[in-house]
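The structure appears below as structure tokens.
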Amino acid sequence: MKKIAVLTSGGDAPGMNAAVRAVVRKAIYEGLEVAGVYNGYQGLIDGKIELLQLGSVGDIIQRGGTMLRSARCPEFTTVEGREKALKQLKLHGIEGVVVIGGDGSFRGAMELSKLGIPCACVPATIDNDINGTDFTIGFDTALNTVIDAIDKIRDTATSHERTFIIEVMGRNAGDLALWAGLAGGAETILIPEETYDLPDILERLRRGTHRGKKHSIIIVAEGVMSASLLAEKLNVEEGIDTRVSVLGHIQRGGSPSARDRVIASQFGARAVEALKNGGKTVAIGMKNHQVAEYDLARVFDGDSEFEKEMYTLSKELSI
Amino acid sequence: MKKIAVLTSGGDAPGMNAAVRAVVRKAIYEGLEVAGVYNGYQGLIDGKIELLQLGSVGDIIQRGGTMLRSARCPEFTTVEGREKALKQLKLHGIEGVVVIGGDGSFRGAMELSKLGIPCACVPATIDNDINGTDFTIGFDTALNTVIDAIDKIRDTATSHERTFIIEVMGRNAGDLALWAGLAGGAETILIPEETYDLPDILERLRRGTHRGKKHSIIIVAEGVMSASLLAEKLNVEEGIDTRVSVLGHIQRGGSPSARDRVIASQFGARAVEALKNGGKTVAIGMKNHQVAEYDLARVFDGDSEFEKEMYTLSKELSI
Amino acid sequence: MKKIAVLTSGGDAPGMNAAVRAVVRKAIYEGLEVAGVYNGYQGLIDGKIELLQLGSVGDIIQRGGTMLRSARCPEFTTVEGREKALKQLKLHGIEGVVVIGGDGSFRGAMELSKLGIPCACVPATIDNDINGTDFTIGFDTALNTVIDAIDKIRDTATSHERTFIIEVMGRNAGDLALWAGLAGGAETILIPEETYDLPDILERLRRGTHRGKKHSIIIVAEGVMSASLLAEKLNVEEGIDTRVSVLGHIQRGGSPSARDRVIASQFGARAVEALKNGGKTVAIGMKNHQVAEYDLARVFDGDSEFEKEMYTLSKELSI
Amino acid sequence: MKKIAVLTSGGDAPGMNAAVRAVVRKAIYEGLEVAGVYNGYQGLIDGKIELLQLGSVGDIIQRGGTMLRSARCPEFTTVEGREKALKQLKLHGIEGVVVIGGDGSFRGAMELSKLGIPCACVPATIDNDINGTDFTIGFDTALNTVIDAIDKIRDTATSHERTFIIEVMGRNAGDLALWAGLAGGAETILIPEETYDLPDILERLRRGTHRGKKHSIIIVAEGVMSASLLAEKLNVEEGIDTRVSVLGHIQRGGSPSARDRVIASQFGARAVEALKNGGKTVAIGMKNHQVAEYDLARVFDGDSEFEKEMYTLSKELSI
């Protein structure tokens, strides 16, 4: 392999730039040429491809977002779209692609590999919902953004002795809600992986009030229900008055945390190694504190593991 | 005057604790006794009053919220409620009160002063909407929280080439939206003090696109309309696709900024001086870079000044 | 076991409070009584011991430092001192102790266990240098503090085209320097585990200059040498002009990161379980992404593992 | 005037980029051409001059440092150097220059104006030591960096019951030390404008100890003496054990605060107006909460005002 490409796709996540930097520098270190594809798979189709140098990725390790930009690309789901992409890759002499993104992006890589282009997939999404890796790039930063918000809201909740419902991202995976709830000292956490229980929520509120604690924080993952719906339920059915906060898009941005920069560097470099050494299509991840590569198909073979003990712990510590 | 009290009332604002600390320490420095009233005017009625010492306000200058807590108090709007409060003040030998809060809280102080209790009012609200002072405690911190959020959202906006509408607090005053919009480099700012103009918003978006800039940030103060309503207008009437972010309660919390801690210290100390020296009812504020005291009535005599030049500047710099 | 105690000892680390909170809440959840010992082993000797309730640890999960305070205690290294401590424990009916701290604190626990008091040791030190656990409480927060400092200094380094030497904590362990250097995009990293090589440092500086990059960041762990000594070496021997920054004590403080709060919660709870279930003296840690308990003696049986691949990676990415 | 230039010079300060952005956008808004000069006066001499567009200053408002870079320039202090600079300005058709920096940079502007080139000087230095303006760009950000450090160190100071001496920047001006000390709740503040008094420092430490407060923070501006010298004095002469922290270069970097971005925008725009309207050599500043322009000579006509009341206040609140 003499030349590879790198692209970012799907929702952006903090640390994508650090991963791009690692791919570029490791590739050059290994004597490969490396090209950046702009705007994800759409850029592959449109030939928005540019050779990158060491200097191209200077001063980006600390930046949120992605310098390669990202985009949705319906065209790539068609045979014609993919053929165009393949043509561009041939045209530019690209023999392997590093895809940085979430599972949607990895499906694209799967298709690309069927056309004979080996792909190394680097998991980057704040949802931490990729099967096969304990952590995805962006999760740690988003987590810190969420607890920063919880800490701020707790100031107001305490001062006014109120109950707040905070809605965080996570359609199918509750990792962000669960970790942030545990780290933020939330009294109640609602996640898609566990059925919630209104009487239990109420019991927790009552218990707090009973021992003189008149404020409370409830974290709800968007996949369970919206914060306003929960507020309505608590109000209409139980006469409990709450305030609502939807954290929204701030969760995706910001300078990546140390941890995200480190795993982004490790994943990016390992992706290059995988392409260089084997030329097979793989996913990169962190398993049991080790950087690992595994067959891409495994990503689609079941859901990301849910840490049940952590959920139990969060309940025990918020008695 | 031998003994004064301090209370916080209305919506909490970062820096209230720094103001409480300054009141307590300055009072003790001046040889006065100082009591803390918990839960605002309600605590005054209920006699939740406690003598404070130097140590009572240790390690709070950096904390958000208010250690004295805050609460709404409909009872204080009645003659009976105020009589109860007066009784408590007499009972505790309190001869003057420092009220820390917004204009609603100041109205309470006005009533209290009619009953013969001099009050010194310290402006603390993130809205910066108190007539007679250039700055209120909490505004600077909220401003920094908002620009931090804008910076984060810009990462995503740039990466996905999208337009974001960010809704910030401010029912009647656009200071937070205007300053944050200017500091955050927003392309468009909508505030209650100025009528907005849909064609102008569109023209700005178009101009950006024309010179290759495909992302855009619009800041809207909640008093103008909700971010989702604006998004709908842009979508339905103009076919423009936007994303929405409502910053909500995170704007009220957090460790106060240096500036807020400094003016809180200055205002709190000056309030004590005002009570000690003159025993008159006054508002404290910052006017032309000087700590000042002025007749409380002036607060209700017109709206807080709007900085028109800053609005003009924001338009000129976002061409 | 009916009653346990918890103490913090040695240098403070962000997340100690979260660990204390977890110990107290988990103990109460498990039906145990739990006492807090103030000022570490000294407080054990002096009987500064107090029963804690759920409310005692409210609103501390987000605070740096330790509410139980910490202190050095030469007296505990003597037989007499330890006898006094034992007496106090008997007096208070305490049957097991959770010790939160670094390896020095763990040695104390070892002694205590010889007197028949089971101890569960929770690793908390920013140095990440405890044998048997992949992570210690406080390391992640310190790491983020260091990269925040690096990001700031890089602004100046870039603007003035200068080389900066940044000295970070770590007498025997280079984890903080290595991770921070990788995450901060440092050009050169000096750690105690690897011999440094002046010609290699110079070569890296030259290579940067050659491709137009005139600024550079060098991270040095205090255990290798001081930043000023390195600056002198580079200046006297090579005529290279550098600026020096010693990060110092800011590395120990601050609100704990999400990750540190989570592992502190996990470790604290697991320590209580260990005491309750087995009553043996153990160390708690994170091994291969699992919370684990292991024989305390293992801590003193060799050094904390050094991640050689990460060091190699840092060199490859800073070509 | 048809074409102006902008340069940054001297020590960098957060907000310089926001000022450059404002100069460029305001100039274009006013129909002027605007060129960026790289590396300060040295770049003027070397002709490192480039036309800037709206897009050239996109996405920089939030960045620390200066995109135009800065440098010392001994050559500009010579007649020959200045003649070269003038030649370059003529060559590029530049009729006026915006100089962003501290008083050293302003002296350069003075010389340039003597050669017939009108200059508008924008004060940017974290020291806040420019005569004629209440605030300089960068001061507010540095202040927040310092109090963040104080907050962190206080965690450790409290946990270990220690006294810390924190050294902050400020050779001739104590503004940073004074404001940060007041905002950080320091027990003692040493600034160049006031003679310090060892017995008073000791008395303050003793008073704290007496009422049970065993930790203490002392802030010292580098212009008074180094933190280690003070530590030695306290140790040798009084047997008091302290810890030392020198904040150093982190004070110059970081994303600018809201306030610094706002005044940078105001100053930058006003500088363009000054050149356009009058073509005179002026300094821009903030006086009594108003953006103002005044004769540049006034900058050198005495020292920046010292806020004595704030010093007194800091003493009263730290009893």
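As written, the chains take the letters A, B, C and D, and residue 1 is the first residue of each chain.
Everything below uses one rule, namely that a residue touches a chain if its C-beta (ideal position, glycine included) is under 8 Å from a C-beta of that chain, and two chains touch if they have at least 3 such contacts.
Just so we're clear, the structure is a prediction, and the values are computed from it rather than from any experiment.
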item	value
Other chains in touch with both chain A and chain C	none
Chain whose mean Cα position lies farthest from chain A	D
Between chain D and chain B, distance of the C-alpha-averaged centres to the nearest whole Å	28
Inter-chain centre distance, chain C versus chain D - centres from mean C-alpha coordinates, in Å	35
Inter-chain centre distance, chain B versus chain C - centres from mean C-alpha coordinates, in Å	39
Per-residue overlap in chain A, given as positions that touch at least 2 other chains	151, 154, 158
Chain-level touch network, classified as line, ring, star, complete or other	ring
Interchain pairs in contact, sorted by label	A-B, A-C, B-D, C-D
Interface residues, chain D side, partner chain C - complex	8, 12, 14, 16, 63-66, 69-71, 145, 149, 151-156, 158-161, 164, 243-250, 252-254
For the chain A and chain C complex, residues of the former touching the latter	18, 21-22, 25-26, 28-29, 54-55, 58-59, 61-62, 134, 140, 143-144, 146-147, 151, 154, 158, 179-180, 182-185, 211-213, 255, 257-259, 261-262, 265-266, 269, 286-291, 309-310, 313, 316-319
